[in-house]
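Structure incoming, see below.
Going in written order, the chains are labelled A, B, C and D, and every chain counts its residues from 1.
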Amino acid sequence: MITYLWLIPALPLFSSVILGLFGPVMGPRVSGAVGTISVGLAAVLAVSIGLHWISHPPTNSIYEQTLWAWITLPGFSINLGLYLDPVSLLMVLVITVIGCLIHLFSTEYMHGEDGYSRYFAYLNLFVAAMLLLVLADDLAVLFVGWEGVGVCSYLLVGFWFSEPTNGYAARKSFVVTRIADIAMLAGLLLLSTKLGTLNIQAMLTGAVATWSAGSLMPTVATSLLLIGGLGKSAQVPLQTWLPDAMAGPTPVSALIHAATMVTAGVYLVVRTHALFLLAPHVLDAIAVGAVITLLVAAFAGLVQSDIKRVLAYSTMSQIGYMFLALGVGAWPAAMFHFLTHAVFKALLFLTAGAIAMRLNHEQNIFAMGGLRSKLPLAFWAFLIGSASLAALPIISAGFFSKEMILGAVAAAPMPGLILWACGILGAVLTATYIFRVVFTVFLGPLKTEVSGSYGVRIAVPLVTLSVGALVVGWLETPEGLGNQTIFSRFLTPAVGVFHHLPVSFMIPLLGFAAPLLGIGIAYVLHRNGTWARATTTMPSKLTIFIRSGCGFDMLYDELFVVPYMTLVRVLRHDPVDSMFAGLQYLAIVAHRRLRAMQIGQIRRYASWMMAGSVATIAILLFS
Amino acid sequence: MMLVWLLVIPMLGGLLAWPAGRFHSTAPRIISLIALLSDLAIAIPLLHSSADIAMPGTWMAGFNAAWIPAFGMSFRLGMDGVSWLLSVLTILIGLFAVIVSWHEIDNGAGFFHANLLWSLAGAIGVFIALDMFLFFYFWELMLVPMYFIIAIWGHENRRRAAIKFFLFTQGSGLLILISILALAFLHQQQTNVLTFNYFELIQTHTSHTFGILITLGLFIAFIVKLASFPVHVWLPETHTEAPTAGSVILASILLKTGAYGLLRFVVPLMPAAAHSLAPIALWLGVASILYGAFLAYGQSDLKRLIAYTSVSHMGFVLIGVFAFNIIAWQGVVILLVAHGISTGALFIIVGSLQHCLHTRDLSRMGGLWGDMPRLSSFGAFFILASMGLPGLGNFVGEFLILRGAWAVAPVITIFAAIGLIPAALYSLVAIQRAFHGPVDETRDEHDFGMRETSMMLVLASAIICLGVNPQPILTIASPALNNMQPQPTTAMLKEMGAG
Amino acid sequence: MIIWQTPAGLALALFMLGLLGLLARRSLVFVLMSIEIMLNAAGLLFITAGMRWGNPDGQIMLVMVLNLAGAELALGLILILRLRNRITNLDGDAANILRDVP
Amino acid sequence: MNLQGAVPLVILTILAGGLPAVVAIRRSYRLICAVTGLGLLAALFSIPYALRATSPALPELFTFNALSLGFIGLILISALLILVLAYSYWQPETPLYREEFPLLFAAGTLGAVALASAASFITLFLGLETMTLAMIGMIAYPHFRPAAEEAGLKYLVLSGMSSAFVLFGIGLLELASGSLNIAHIVASSAADAASQQMLVAGLAMIAIGAGFKLSVVPFHIWVPDVYVGAPAPTGAYVAVIAKIAVLAILIRTINLPGANLSASMSTLTTAIAILSMLSGNLLALMQDNLKRILGYSSIAHLGYLLVAILAAGSIGQVAVVFYIVAYAVTMIGAFGVIAVLSHASDVRDVDKITELRGLFWTRPALAGVMTLFLLSLAGIPPALGFIAKMYIMAAGVHTQLWSLLAVMVISGVIGLFYYLNIILVMSMKPSDDAMAVSILAISIPNRLAIAMVSLPILAFGVAPSPLIALLKLMFD
């Protein structure tokens, strides 16, 4: 079974090619079916590999499959190979299963759109690229997938291309991540030059053998890789693209900008964690950066009025938690939060999409209201998702993963407690902003006409994910709640044993309390109408600042965009060309001067000749 | 002898095509196709042959005959992996050029195809000549037909563009002539033999300054052809004004002759001098990458935009050549082929756009995806390919170049890599302005038909193959590139790596 | 022995005179005459040279020069006559239909 | 008296002398032309015979060796080609007596041959003046064309002036050295400072005359006007034959024992070469008259030639001759195309560039040939001019004349512009009134002449070896 591993990325890729070539001929029904079934098959394959893995893990829990030699040169070779270990298996499972659900959801959501088959071609291509990214056994191949998902993200964000703002958002998302990717590319070049290979395992072994912890090389290399990861995962300072990326269709946001692609940075760090361990300062920086991100994003989430933007900021914030875990070396915690986040955030996005579908694509939460009775399915799904996001104790998956992270952070050395405190603050804010949305959208009076109904292709993904968001947390529980460690044991071969370090009792207690407090705040402010009033009154400068994501966009506009545009405008007509035109002008001036001598009069001609003769005789006689 | 046929067939084809155009406008097209296909049939089997005359190094085929004995100039040809790749690329692109001109060129088809075939023959000659004067002869020879193609069948400002093209390339060509003459006479002083044989001249010892001067002459000429900053100025105008087939040949083949010249002559002939020039060359490469990218962003003429991207890409080639190692050179070869394919395809697409929209102005496009989905998707695909999307050919080339250059000059490599960011900007903006945006309802639909679609599919699969499995190309080029790296260079490289 | 410098100097002076005349006079007849003067100056020089070295070469050359001067004068006068039909006077500066100044 | 070596000269003398008699007997244009042609041919074919001469003929007056006979051959071939062009140029409807033109033609050629083989200043002067006077006649031949008349007058006055300079120079030389024998003067050295100064001054004045005939800067000023005014065949004659003859005597003098280019002389030549290359090409830059362009271009080409002359040595010598050959054939070809397109009875030739518009579409073959000529002038393969240019560059590189080479490159680029512009105009779509040009049928002799010119340009441009071998014989 496991020998068919290559089929997992190949299936969606193949289907993407088919859809790309013959999509317009096939019609929407077949296109949708082909797109979904291919990912479905990949999911089935992944699940069966996963089941088989649990019962009969391969030696060292690693399965490698070399497809072909990509580049073989003396001193430098890259094999196109797949590398399956628990971490990548987990990623593959999440990508294929959630991907399949989202495809299914899309078949109904995108009904009647122009470019239906194009949509599925892109989406399949994305899944294939993402799978390649996580399965790659070589950083260069990983980079192929890495850029591949970036391009698919670009294409899908700009899917409704007739609206120029969508195009702008798509370009922004691609360019910002591209900037990060260049840093990552530089990192790859550095690693491959210094270590002679980009094969991840060989490279890690080489790095550990040649570099000492804390030395310059690993610090530089990991910094470069990290910048790549930060860009892809929308972390400060490269986070500005994610809110804009919400211009794409909602299932796309669910798949790419919540569940899978944006967590690629987390995956990258986990995958190369041995290298990061050689650079402790970088890990510290990750942790600090993560805290900044999660707070900035959480604050920004508090003042958004577009439901998808709230979710976008919450994605940023939650990935901040993952990075926080990475910063303190709690790899399984990060992966666990990745898993739960993928489930509940996909659920939230899909639900948001499902709501908007019925409200004539309305996304402003203040234009909604009282939808609880009108859309019970959406209400419950959104509630479960929000609870999980807010980490509502015990009943939600998000609680367990966030608890695992915060526990690990609190146990970390000195700055640990400060980071933890920020994490708790973030948790309060998370609960506040998401329940702000829940209360605003589902309680109160009905504001917008509701039309249509949900088909089975909407319902199945929502229900499945809701169930997931409720139960998936029980894979790993803290001591007081059964001390289940299936998840970390599963990952142990790849990232080492994870110890739940003992911490003061206050820590889990506050972890319990923070979400509840947040929900309380949200409810109180909802009841006294603060949320609703904020939309009608002139927002304060501070609010505007926070709403725009703490001014990063403006800063970057001033710092980069404006100078770039000025430069382009200055250079536009090719100053070098004018330089050569100057030479041409010179020649023409000389031509005119000389030509003026040809006046046609014999006497004048004779004078010129006379002058020439005098000069000649003079040169010969007196030199 | 096969190599001679490789040159003779297109030459004769051209001679035949010209008068044939008088009888029927399809006749020259058929003749060109036949000539190029038979050329291809000659070229392909050479891959597995080996030269029947003795030449140092690894050669697939060789030929030698006396030409101008008074100067020791001979008609010496030789084909190794790099020559083979570029020659086959030339023939293939030539085929595409014939096909795209099928409907575009409707007057003077005979003369057009004659020029097309002659310029291709000249380019092939450049790629396989091993006598330096013969090389120069072909180098000049391919200009004239190209000049006609631009000047007669080009767009609005074709006259200016054609003359500019010719002045730049020919003027710099004279520097080649002076350089090779100087080299040959120097060689004569040392050995009492006047010869232009590549293998003999490669053993000439030069003093430092003189070597640099000779190399500089060659270098300037080649970077003019390569269209590196600051001598790129002929390229945007020429590419823009040339007819589609002309742009395709210019971008896909003629630019490559510059890179080929650098690889084949500048580097092996005087490695020490080339090394002294390397810093300048590398910085020029960086400047080209960035400058080309900035300017591409600012253009509103789609063809001009693509032309500037060529400047940018050729900057990578320049860096790769002067990184002096096999990895970078392999990258150069891949990038040359990939750029030939992707840019060729882009010019075909723009040509077809112009054919139905009668404009190349981006501000008058937009929303084409709605009207012409096939054209637009291929357009977007090739723009992304030329942007260096991993998994496609151009990326492999750029990656290998950067990888090779990093070992020698990390700072320059970083700057070059930064150039990939503006590359993304101009690529995406081109897609946005041409294909995305609101649909213009008043336009007629002229999407790609079977002919164009199949052409595009072939090119697209080629670029994918190149990206997914570049190894065959690397294997073909490998012995040739090893030949080009003389022993002292390797030693020097180690020195540089240490320092 | 006669000093050769004096006639040589005279020849030079004549030559200069002819040259100046050529540059200064507008009338084509005078221009022709100036050329004749220059040629004759050369003739005088030949005679002087023959005298200095005592050989007949100089005199031979003089005959040739006279021949040439005659031929040239004849040709020139024909052309001037024909020109006169066109421009009605003998102003050399007026004969300027061939020029490259727009 | 052994005249074997002088046979070509003798034949030409007989021809020039006998032609008036032929005219007197029967006024037939065809007959006269045929006789002239046959005479030239006979002279040409007598060259191998003359080469086998064992003793020098008329050693006091002429030198007939491989070098001079080679140049004579070149003059005769060029003359023959021009004669063919001239034959069909003067059409029957031309309002003049056509029969005297071959007369002048033969006389001029006789003068050129005498000049090329002169050993004494007497013959040099005689040859020069015979040639010049005949050329004035040929320039002003179409008396109904005011331009031709004016060109004749200008040439007469200015060449009279230059003749005076040459004569005065010769006089000074004789005064200083007491001899009129070129070889003797070259080999001797001055007795005292005054003679030395006279020698130099004489040399300078002769150089002025040579510069005038070669039309190098600053003595180039007459060139464009005369080229434009003269009928096309005469233009070719002035551009080619006069220059070959002067170059022949120049190169022969340089090759004489004891001859060396003094420092001041080579400074002067360098300056003249640089000025000629640059101003020739610059002057032609935005020109719209084809003959004028050819005139300016010939200035530049003579500049290139001077580079080769400066680059002495075995390569330089052959380079000069090779370049002359290339220049001669190409110029004849270019003027030939003008001649072919023109009507002698019109008031001017077809020499505006715009009149060539659309030639590629109306007369592809003629346009192709013209392109070949222009490429040859510009020095681009596959034309002969390319090899010639290479030859000169080789000579320059060999003697390391870097600054001259640099100027050559720059002016070469400037030059390209106007050559290309002509090609461009020919390749443009013809305007409607251009059909007039295309109506004219090209006569068989013209076709022959053009083909005979273009064939070697292409053939030797691709495989120059035989030509090089032939020219090398001249210096053995």
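We take it that a residue touches a chain if its C-beta (ideal position, glycine included) is under 8 Å from a C-beta of that chain, and two chains touch if they have at least 3 such contacts.
Since the model is a prediction, treat every value here as computed from it, not as a measurement.
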Quiz item: In this assembly, which chains make contact with chain A and also with chain C?
Solution: D
Quiz item: So which one's got more C-beta contacts, C-D or A-D?
Solution: C-D
Quiz prompt | Rounded Å distance between chain B and chain C, as computed from the means of their C-alpha atoms | solution = 64
Practice problem: Please work out the Cα centroid separation of chain C and chain D, and write it as a whole number of Å. | Solution: 26
Quiz item: Centre to centre, by mean C-alpha position, how many angstrom separate chain A and chain D?
Solution: 78
Quiz prompt | Chain centre separation in whole Å, for chain B relative to chain A (CA means) | solution = 38
Quiz item: Which chain C residues sit where two or more other chains touch them?
Solution: 19, 22, 31, 92, 95-100
Quiz item: Multi-chain contacts in chain A: which residues touch at least two other chains?
Solution: 595, 598, 600, 602, 606
Quiz prompt | Sequence positions of chain B contacting 2 or more other chains | solution = none
Quiz prompt | Pairwise chain contacts under the document criterion | solution = A-B, A-C, A-D, B-D, C-D
Quiz item: For the complex, which residues does chain B have touching chain D?
Solution: 18, 66-71, 108, 111, 133, 137, 140-141, 143-144, 147-148, 151-152, 159, 162-163, 166-167, 170-171, 174-175, 177-178, 181-182, 185
Self-check item: Of all residues in chain A, those that touch chain D in their complex
Solution: 587-588, 590-591, 594-595, 597-598, 600, 602, 605-606, 608-609, 611-613, 615-617, 619-621, 623
Exercise. Provide the residue numbers of chain C that touch chain D in the complex, in ascending order.
Key: 4, 8, 11, 15, 18-19, 22, 28, 31-32, 35, 38-39, 41-43, 45-46, 48-50, 52-53, 55, 57-58, 60-61, 64-65, 68, 71-72, 75-76, 79-80, 82-83, 86, 92, 95-100
Quiz item: Which positions of chain B touch chain A when the two form their complex?
Solution: 229-230, 232-233, 236, 291, 294-295, 297-299, 326-327, 330, 367, 369-370, 373, 377, 384, 389-391, 395-396, 399-400, 402-403, 406-407, 410, 413-414, 417-418, 420-422, 424-425, 428-429, 432, 435-439, 468-471, 474, 478
Quiz item: In their complex, what parts of chain A are in touch with chain C?
Solution: 595-596, 598-603, 606-607, 610
